[in-house]
Structure formats: C-alpha cells, structure tokens
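What follows is chain A paired twice: with chain B in the first complex and chain C in the second.
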Partner chain A sequence: MEERLLIIINEIRNDKGEEHVAEIKPELSLRKDLGFDSMDLATFTARVDEEFGVDVFETGIVDLLSDVMEKLG
Partner chain B sequence: MNWVVVTGDTGSLGSAIIEKIIGETSFGIIGIGRRENEFTDKVAKLYPERYWHLSFDLNDADNIKELFNKKIRPIGRIYGFVNNAANAYDDLVTNIHLEPLERMYRINVFSPMLLTKYIIRDMLVSKLSGSIVHISSVSAHTGYKGLAMYASTKGALEAFSKGTAREWGSRGIRSNVVAPGFMETAISAKLTDEQRNKIYKRTSLKKATDVNSVAELVVFLMTEKAKSITGTTLHVDNGTI
Partner chain C sequence: MEYFWQDEQRNILKSREEFIEDLRKIQSINLYNCEQNPYDMMLQLVASMLYGKETYLLDDNFSASELLSLGISATDTSKVYYIDNPVRIKNFSDIVSAIQSNNWRVWLFTSGTTGLPKKVCHGYGSLGRNVRYNERHNKDVWAFAYKMSHMAGVQVLLQALVNNNTIVYIFEDSPQNVVKIIKRAACTNISATPTFYRNLLPFISEDLPAVKHITLGGEKYDENLCNKLHQLIPGAKIHNIYASTETGSILASHGNKFSILPEYKQWIKISPDNELCIHKSLLGDFSCADDWYNTHDLVEIDENGFLRFLSRKSDLINVGGYKVNPLEVENLIQQVDGVEDCLVKGKKNSVLGSVLEVDVVVNSRYDAKTMKTNIMDRLKKELQPFKIPRIYHFVETIEKTRSGKKVRK
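Right, the complex of A and B next:
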C-alpha cells in the first residue's frame, strides 16, 4: 500500500515541478509537508479512489498520511 | 477511445446530439436514459464499438456513484459530459407541491452535479482536459408563466457550470451551457397551440428553435475547436426578445 501511495504522491508533485519524496512517513501532513493545495487534494482523492476503491475524504477532512493509511486499511 | 456521457439519449435533442457526435467526431458515447427505445437500439446495432446505452433513472440520485463506478467507468476514459436529460414540472408558483419539485431537482440538478463530480475525478486521473455541456433553457433568462420552478433548475445549472469552469480551468477542463429556445420536443409537447404560438411570437425568427442547430453547437463545444470557450452560456433560441 505504501509503495502505491508513494507513486501517487510523487506523480502529483512531479506535475507541479516539485521534488519527489523518498518515503512514506505516517506523520507527514498532506498540506503542510507535501504542499498539497485543495486542487492537489482532489487529484489525490481521485487517484487513491481509482487505485484502492476508497474515497478517503468522503467522511471528513483528512490531513496526515496515517489517517489516509488507516482508511485504506 | 475517449467517451462522452450523454444523458437523455432517447429524447429528440439527445438523439440529435448522439447522431452528430457519431458522425462528426471519433468519440464513443455512453447514453443514459430510463429505457432503451428504437433510436438507442438502432445506434447500438450500427455502432456497437462506439455506443452504449445504460438504463438508469436520474431520479435515483443516491445511486449515481454506483452507476459511475460499476457501469460507466469500466467502458473507458471519460472525455465529455452532455447533461441533456430533464424533467419539467410546470405549474403556477402558488400551486407548488414539494414532491414533484424534489423529483425535478434530483433529475435536473442533483444527479447532473454528482455525475460531474465523478466525471471530473476521472478526468483528473486520466489527465484529460475534457468538456462539459449543460443544456439549459430560454426560460431561465426570460420569464414564462408556469415555468418558474423548471427555469430555476436551469438557473442552478448555469451557476454550477460557471463555478465548475472557474474551479477546474487550470486543469484544462471546460464547462459551458447551451440555452435553447422552445423546440418541438417532449418537454414542450404539453403546451397548447395557442401557448406555443405566443412563445414563438416572442422570438425574432417567429418559430420553433431547430433541434439540429442546438445539437450542432453542443458538439462544437465538445471538441477541441471550442478550446477557448468556457464558463459561458450560449443561446440558440431564434433570437428571443
């Protein structure tokens, strides 16, 4: 799961011309640490839903990668 | 192949749009309507690779997510959305009943909004700069007795389209509205000849709006030819004054 999440995150960062992150750390904030704005978060949600079949933002605001991982089981 | 979702594929405007998309573009079409009819059967036989009809009642807004994930998405990548299906609840404002009003809002507004949600999500995943076209109505711009509630659903769509265009323009996704005048379609069939003539007299060209002229513009907006057009409403209404 972590590898697939890392690919999605780095694809989004790549599209914005930002450096890849090396590894998934549960304490990372999507907004503060990964620099995702609301449009990036929408893309992240759509790609995670496509990959895992789970809409991580459906039941409220999610910020830490640990929250995302918890929802993906 | 990239696909365009067209709701209301059994109606006269929906079928004209589908014929033009088939004839003038290379898109596949996913038609959504309550049931199949002669037109959908004919197109499905002629173009088995390019046309799928899905039977679904847009009143069932709760199941749009399932419709998208289980039936639309497996067909292919979605490039476009033509929100053409509509329900008309016509009455005086003083006679409003909540039940038909809610039904009309589910069909005309809520289901198209939810379809837009999933279609834009799909565009984000596939990185397609797609096109969305909502079919509005002249009644949203010029008042007609008995059409206040119907017109309000179209006004909602126009505002939604403008917001969508602003929100997703940075990803190349366009959203526009075509506002036709009164056409000879099922929606206007309930009008009496007298009502119809009165409406036509309010147009510059003094007649019904041609369905093919509306369909032509919808297909143009779908294509790359319209790449600089977004966030607007285009009127095809014989010059209603």
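Right, the complex of A and C next:
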C-alpha cells in the first residue's frame, strides 16, 4: 500500500515540478509537509479511489497520511 | 457504370433503374422503419414519401427496453401500410417530385445526450429548407457518413435524391476503407461529424482531388480539425452546419462564425443567458411549451453580427465552483503532437465536486508518460490551473453515442 501511495504522491508532485519524496511517513501532513492545495487533494483522492476503491475524503477532511492509511485498511 | 447506390461493405450496387424497380416491387410500408440494411431503410423511407405515409425512423440496434422508452412496443415495429394502388413510377423525376411535394412526414428521435429521447416530426418544409437543387449539383457524388435513421442522414439523402446524385454509403466502415472508397468512387461531397473526420485523418496519405465540399456538423466546431482537413484536401471547401433533430439545419458557416440568413433573422434570438433560441416556425413538430425553443447552446454575436458558438450549457463542468468548458480543453490537447483524440470529463469528487479527467488516444509512436507531461506543459501555458485535467487515461478509442458524438457522461 505504501509503495502505491508513494507513486501517487510523487506523480502529483512531479506534475507541479516539485521534487519526489523518498518515503511514506505516517506523520506527514498532506497540506503542510507535501504542500498539497485543494486541487492536489482532489487529484490525490481521485487517484487513490482509482487504485484502492476508497474515497478517503468521503466522510470529511483528512490531513495526515496515517489517516489515509487507516481508511485504506 | 454509374450507380445510384454503392455500399461496398454489403456488396450492394444499384443503378437508378434497379432502384426504381425495387421501389415498384414494394407492397407494404413500415410504420416503424428499422431496417438493418441501409439500402432497405432508404428504400422504405423513399416509399413512405412517394405514398405520403407517416413513418418513424428507428436505429436498427435499439433494444426492446430502449424502444419502450420511446413509447414503442415490440409488436408495434411490425405495423405496416399495405399498398393497394401502386403509384406509377416512370422515371427518377417522379420520385423527386413526390419528395418535394411535402406530402410526407417522418418522425425522428433525438439521441438523448441532453435528456430523455424526444420525437420530432419533419416534412420537406423543415428538412428540405436547405436542400440545394440546381444544375451545379447534378454531378455530385455523396459519401454518406451518417446513420440513415438520423436527421443528418435524411438531410443528406434528400440533397442527393433531388439532384439525382450517386450515394456512396461509408458509415461504420473502417477509416482505412473509407478513405480508399472516397478516392475510388471519386466522391465530391462528404458530410459527417468532426469525430468521423478525426478518425480519418491518419489515413489520408494522398490527395483526394475529387472532393470539393466537406461539411461538418453535429458537434462543436473544431478549428484544428478544419485546418488539418484543409491541408490534406486543399481542393475542398469546408462548411460547418448548425443543426439538431429539433431544428433541422439552421445555420452554416465557413469557419467558426455563422451568419444568419436575412429571412431567418426574425426567427432566431438570443436569450438573456446568451442561449440560442429558435422560433417554432423553423422547427420540426414536437412538444414545445413555448413559441421559442431554447437550444441551450451558448452563443455570442460579434460587432459584425456573426454568431459564434461557445459551448453547450450542459457540457460545462463545475470544478470547485469554477465552470470549465471541456471543449476548450480538448481543443488544446488535440494540438499536442501525437494526440489523435481526447475526451475531457468531470469525475465526481468529494473535495471539489468534480475533477477533470481526460481519456487520450495517442499515436503508437509515443509513450503515455511523455505524452502526459507534454499535454500538461502545453495546458499550463494556455489555461488557468483549474481547467487542467489531473487524471489521465490513455485509451485505445473514445466511446461514441449512436449518432457518433463523444459520450460525455
């Protein structure tokens, strides 16, 4: 799961011309640490939904990667 | 030998005499015309015109439930009118006279891309309005690239019939074959959707000198496509038609700017929301609550009085409160080298309401990862960020509706 999440995150960062992150850390904040704006978050949700079949933002706002990983089980 | 009807896919070649003979042999006319073979459908349609009988044109591949949604039961489709007193057809002119008599009615169904299917009744008064009938057209050879059961198909059929032209049926053939047939049959006129031409482009490797008129209709004007067609077939004039099942063909242009004919000016108006509205006197017959039919097409009129189409209102995608016109985005993506076709859609999203996703068909010489970067680089230069699709699917083909339009929902 971590590997696939890492690919999605780096795809989004790559599209914005930002450096790849090396590894997934549960304490990382999508907004503060990864610099995701609302468009990036929407993209992240859609891509995660495609990969895992789970809409992680469906029941509210998520920020930490640990929250995302918990929803993905 | 010069044929009236050529269909290479089905190996059907008919001279005018054979066509007239086939008409003479008809003993009954279908109330619901859903013939699988386009020649048979055409024959039945012309017979209904000759005898002044009302007929419904149906796609041959409607399922029973689709027919029911149109209010037609399975048993209805076998209803016929029997011909007791056959009309004496001496020659082709008799057929032309009958068609121009406006003594017939044909019912068509909208493709339902913007709502529930709707049935519309047309006669020669509304469908023949823009038929050009004179000596300049008597040598035209029509490449027939629409379904016979759709308004555009009937329109092309009328144009070809009244001018005694040859019809070369190419709809649903492979793009490679279509190009070969157009050349071999020396087609002078082609009328089709932009999507149809887009599929042909990669296969037009040599000039098609016989082609003199290329008409596009049924979808938004595509400037890139028109430019490419002009480069590949320089001897042809390119026309854009604004038409719908409800209206028949109303406006024509040589580019993105449509002029309104003086005789139509009082029957065409723009609503306060910039939507094109057409008076019922120019329409086919259907249940329209008002004297004016709102097409929901967004338009603007420039300082010289030309009309320009901006978008169909229903096509706009709301991304976080921003309205995106997918056609604008597609137009730019189409300009990226290696892109053969694309479709921008809204995908339901719990963060922004919708996010833009795009299906892209790329030339096999390009790889998907590079193409995504190339497309995004181009869009970043030309568009506000919210208009740039973030989700990319590289696909083999873009799904089309039964009328050949892209499936946007």
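Definition applied: the second predicted complex is superposed on the first by the 73 of 73 C-alpha atoms of A that agree within 3 Å, B and C clash if a C-alpha of one lies under 4 Å from a C-alpha of the other, contacts with A are read in each partner's own complex, and residues count from 1 in each chain.
Here is the rule we go by: a contact is a pair of C-beta atoms (placed from the backbone, for glycine too) under 8 Å apart; a residue touches a chain by one contact, two chains touch by 3 or more.
Keep in mind the model is a prediction, meaning the values are calculated, not measured.
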Chain C versus chain B, contacts on chain A by residue: C
Which superposed partner A:E18 touches (first chain B, second chain C, both, neither): neither
Touched partner set for A:L41, first chain B, second chain C, both or neither: second
Chain B versus chain C as contact partner of A:F57, first or second or both or neither: second
Shared chain A contacts, counted only where both chain B and chain C touch the same residue: 39, 42-43, 45-47, 50
Chain C residues within the chain A interface of the complex: 320, 347, 349-352, 355, 357, 376, 385-386, 390-391
Parts of chain B lying in touch with chain A, wherever the complex brings them together: 121-122, 124-125, 170-171
Residues of chain A that touch chain C when the two form their complex: 12, 15, 38-39, 41-43, 45-47, 50, 55, 57-58
Parts of chain A lying in touch with chain B, wherever the complex brings them together: 39, 42-43, 45-47, 49-50
